[in-house]
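One structure, pasted below without further comment.
Lettered A, B, C, D and E in written order, each chain numbered from 1.
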Amino acid sequence: MSNPGTKAAAAMKKPDRTKTYITYIFIILLVWASAAKTDASLIKLITGTPEMGKLLVEMVPPDWGYLDVVWKPMMETVQMAVIGTTFGALLAIPIALFAAGNVTKSRFLLYPARFILNLVRTIPDLLFAAVFVAIFGIGPVAGVLALVFFSFGLISKLLYESIEAVDPGPMEAMTAVGASKLQWIHFGVVPQVLAQFTAYTLYTFEVNVRAAAVLGLVGAGGIGLYLDRVLNQLRYDRASMIILLTLVVVLIIDYASTKIREKLL
Amino acid sequence: MRNEPLKSPPRFRIRFWLVAVFIVLVYVWSFNGVPFTGIKETAGQVSKAIMKGLFHPDWSYVYIPEDMSFFQWLSDGEDLLNGLIVTLAISILGTVISAIICVPFAFWAANNMSKVKAVTASGKFALSFIRTFPELVMAILFIKAVGPGPYAGVLALGLHSIGMLGKLYSEAIENLDQGPSEALTACGANRFQVLWHAVIPQVLPEFFSFTLYRFEINVRSASILGMIGAGGIGTPLVFALEARAWNRVGVILLGIIVLVTIIDLISSYIRKRLV
Amino acid sequence: MIEFQNVSKVYPNGTVGLKNLNLTIHKGEFIVIVGLSGAGKSTMLRSINRLHEITDGQIVIDGKSITAASGGELRRMRRDIGMIFQSFNLVKRSSVLRNVLSGRVGYHPTWRTVLGMFPKHDVDLALKALERVNIREKAYSRADELSGGQQQRVSIARALAQEAKIILADEPVASLDPLTTRQVMDDLQRINQELGITTIVNLHFIDLAREYATRIIGLRAGQVVFDGPVAEATDDKFSEIYGRAIKKDELLGGTE
Amino acid sequence: MIEFQNVSKVYPNGTVGLKNLNLTIHKGEFIVIVGLSGAGKSTMLRSINRLHEITDGQIVIDGKSITAASGGELRRMRRDIGMIFQSFNLVKRSSVLRNVLSGRVGYHPTWRTVLGMFPKHDVDLALKALERVNIREKAYSRADELSGGQQQRVSIARALAQEAKIILADEPVASLDPLTTRQVMDDLQRINQELGITTIVNLHFIDLAREYATRIIGLRAGQVVFDGPVAEATDDKFSEIYGRAIKKDELLGGTE
Amino acid sequence: AGCAKKEAPQQSAAPAPAGNKQEAAAPKTGGTFEPKELRVQFVPSQQAETLEAKAKPLEKLLSDKLGIPVKVSVSTNYNTVIEAMASKQVDIGFLPPTNYVVAHDDKKAADLLLQAQRFGVDDKTGQPTTELVDYYKSMIIVKADSPIKELKDLKGKKMAWQDVTSSAGYVYPAILMKKNGIDPDKDVTGITVKGHDKGVLAVLNGDVDAAAVFQDIRTQMKDVPDAVQKTRVLSFTDKIPNDTISVRPDMSQAWRDKISQAFIDLGKNDDSRKILVDIYSHQGYVKGDDKNFDIVRQAAKDIGQKK
């Protein structure tokens, strides 16, 4: 808008897209190299599919009786996920606010916050769990702590991105009104990201219920231990029971999440 | 954020309190289920060992020259470098596969794309089901199909990611500005044309952003898949953990951090190019 | 010809948008709809091409009920109705040309438009439409690089390229400066007169309404409170539309 | 009193927004700023309450430099300046009342406002402000359920509720119907006259400018090209401001 | 079904009884499969001194011996080894006893070829001896100052197990307790931990009163060097057969022989043995006998795991 004169001439012609094409080629090359490195082949997958079918057949019908056994650990998993998600989400709020360039102007807060945010989410949850198990011993506490950090990583990144994307208008209005920083955030930012924050948190909760399955592998409690066990026993009918139970929990969370999102959006 | 500072109808107030009580109960229940057991006797000793290991990474593991081949990264060394490259390859391919396959799922599950509730609901269910299927079980399935190795990891990751990406995509579609779609509808476009000309260009940046985000998660998940022989850095990581070789864990962790950081840089560059 | 037969629209939250509307709009008319903010002007316009579903009655266009139409038939009917939105509704990330071309999708099979294979004729048409609104040179710019007034004009070009028989315009000149406003209204008038396209415009400016319209419809709380040629739209009538007497000096620019 | 002392503003991308502005605005004046789109009207307005940082010079309000102010002092100064935004800047998901109440936060400690515990007096004030712009009945609707004009009025109500000493209005009537336009301008005039509140308004309508202003400032390319009482703002002057002669019939509603 | 199900593996092309009884030496068993490339999968042994996920050295050693390409992959999960063998994605798997029995009996996915040999462990010090054995033991440990003096005292106590499929971490110790009149399921509160090291830590931390772990994990926990001093062995279990090297059932007899010989040769050569020791803590290999595993079958049956 500022200087239409200089741009107009260039805009008349189709713009030069070389750089974009180079980017596309770069991506295609990456994919191709990855396929080569991992020995990917479609034929292998197609010829091998019947073998997958055999295992899937072993999964039905599920061993309904096993429900009695896995019910309790599943609840423990949910409990772990509730606590892990809550604390993760609480920790994520300040960091996401500090890391968002449109909220935090001070570099001394901005960059350290971004650093923490980036660091935490690079670490595999399994590693968190293993270290916490080593420190806190076996059991759900280690699992919860792993989930706290894991949720923190997930939520803070997503929240930070949605904060950066909010409509600056209301924030501007709050500045003009003479609001303090906290008021500014409460009235200008919070209403705009609350729905997303809730959605991300519930989403993370759901991820955590499933992640707990992996954490069990290193002894961090929950349903994971049982999944590992039945797989080692080749009891796929029991594995499918566990999967079904997880599915039920996930669906409940999904339902709640949809309802809440509808309310808030 | 609909709470009124003033009198809201009593019906809502009752519901508000019901929900509040329910949430409090959930927390009470959860905290009861996970009693904090306190710091362990060996915690100090073990933490010290961990810290020492993490801060004195086993540098010798970074690169083990195995043969004279200059292009060692093309072969299959068993050092950190190769482990990371395989992990990266698994994540790239897995992410690409899922990013493509999840698009139809996302539209299937987005509630503003269909007026029939059952369609949306079934789409959401399908995505939930895929998400719930543990990566581990998926990996076993694919190991049966294509044998142990990175390819099985790719497939497991690719299929599993569909669940999450599909969900995020579908929510992006649900949040979209209806203006352009409306304009296309007003032009007499059919459903697919509306999608292609109004919806896709709008959601593409978000799709892209979610995909990159998932890519990062996949890098981490690929480490887990390593446990069951699906290749990548995961296998050595798990063994280092089990052997309590903390300096080895340290160097692997460092490797993953560097990898993810590089990915971050590259992906933000690509994002700028394409968006 | 557009016929409103007992049309009512109640929003899900209970707000009444339109209340038992009965109207006939003839081919080639240039209609300006005026009314207070919230009177239902946008609602009425959007009911015509069924962007809003009406809750009662039906709207018949050239003998065919759009209310009853569905599928391909509805799409064909919509293809013949161009719309200019108050908020432009452009795909911000697409080029201007692509946005204008999207007005043509109704004419082609899906696969063709998806592959971006618009016939040469369409591209020419789109460029000509852009030329008409004086932004031919921006054809390959991204829509979000344009100023508000320019975006508004892209939206008009899209409606032009659509070669519609009816054009609906929802406050096409809000937020334009006086010079551009003039240009846009002249454009609408020209296509109305030259091509005989029925044109229905929502406007806030009584003077503009009087100047361009062949017929003025006044809405109030979802009901038609005035309907007649410009000559009949006296100040008294406007007072009725707006619910109270408008003093001479309250007409925008009416003084001086 | 607002003093612009050698104020310049260059945007980071090099665009010059304001160029060496020197102006004194006295208490109780009703100033209308006119100029082409892109002339720097918004930039000037937003510099006053420091929504934009100026790059040179300083702005002094009632003897205190807002350019030098910071922290609590800056917030108090801003509290005393109400602003009406061109694009409303409402929180779409919040209720109308909440949006208006947010104009009051500067008067209360943070904890109180964050808990939503506004004193009764504030709520009354907010409701009265809504009444003034005729949308009292929408107080509990969500802001995104309102029509464009209604949203504009919420934004005005917010500024009214703020009980500021200076009101800045950036095209406050762009999407309002004539009646509401009139009402809003009258309101601005009334609070200007009754309460002696300094009012600065950006407008596209020359006629409105002439009618309401006590003083008109014309901007062009970031510089003041006209500054004087209404009587001096002849058509010739406007031609200068807009860069070319404006034919009589291009003035909005100038014909008739 | 009993411990000795010996019908022909279903995948086998040959109807002849597959070679668990007949042993690898008997030349009349086996299927018709002739590998063009040998795919091996193993789970690095917890007993190894340095847990290394290395596959390359073995690939090279075997390939030189067999004259065909060898691909070795690593897993931490026995399930994948069994499943991959069942769907013929893997030709050779290193399976511990309990898992071998499941794979062989239930899944018909593996035939026994060889058993690994290790150095024994000195019961007193936990340090390795120089004697080559094809078994190892497991043990139940308590804290050094624990009031628990014999197995009977475990009644009502908390106990850390490994997973129920673990020979050393569950099956054998459970039988040991049963023999001593304690029901491993009912008389103690069991907690499942992952990894024998975690079992030791659980005891040290007082999370549990006792743990079932293999002999002797305590000397391998470098970050808890005083684990041996701080704990006491309550009792040792019976001998548990060492890891097996199993082959998919349709492998031809000629190739079974060839592969067996290759592994045995590897164990005899000092250079290659060093690699085997480093990575798998295997000192060598001997021909396996499915009968050796009847104990395992019995054990599994005793604790009600085997159908």
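In this text, a residue touches a chain if its C-beta (ideal position, glycine included) is under 8 Å from a C-beta of that chain, and two chains touch if they have at least 3 such contacts.
Computed from a predicted model, the values in this text were never measured in an experiment.
Listing every chain that touches chain A and chain C alike gives B, D. Across A-B and A-D, it is A-B that has more C-beta pairs touching. Between chain B and chain C the centroid-to-centroid distance comes to 45 Å (mean Cα coordinates, whole Å). With centres defined as mean CA coordinates, chain D is found 47 Å away from chain B. Chain A and chain E have Cα centroids separated by 38 Å.
Residues of chain C found to touch two or more other chains are 147.
Residue positions 77, 79, 83, 87, 89, 195, 201, 205, 207 of chain E each touch two or more of the other chains. Residue positions of chain A touching 2 or more other chains, listed in rising order: 1, 48, 51, 54-55, 134, 137, 139, 191, 194, 217-218, 231, 264-265.
In the complex of the two chains, the chain D residues touching chain C come out as 36-38, 86, 145-150, 153, 171, 174-182, 204-208, 210-211, 242, 246, 249-256.
By the touch criterion stated above, chain A contacts chain E in their complex at residues 48, 51, 54-55, 133-134, 137-139, 216-219, 225, 228-229, 231-234.
Across the complex, chain B is touched by residues 39, 41, 44, 46, 50-56, 73-77, 79-81, 83-84, 86-87, 89-90, 195, 197, 201, 204-207, 220-224 of chain E.
Residue ranges of chain A in contact with chain D, taken from their complex: 1-3, 167, 169-170, 172-180, 182-183, 186-188, 191-192, 194-195, 264-265.
Taken together, the chain A residues at the contact with chain B in this complex read 19-20, 23, 27, 30-31, 33-35, 37-41, 44-45, 48-49, 51-52, 54-56, 75-76, 78-80, 82-83, 86, 118-119, 121-127, 130-131, 134-137, 139-141, 144, 157-158, 161, 190-191, 194, 199, 203, 206-207, 210, 213-214, 217-218, 227, 231, 239, 243, 246-247, 250-251, 254, 258, 261, 263-265.
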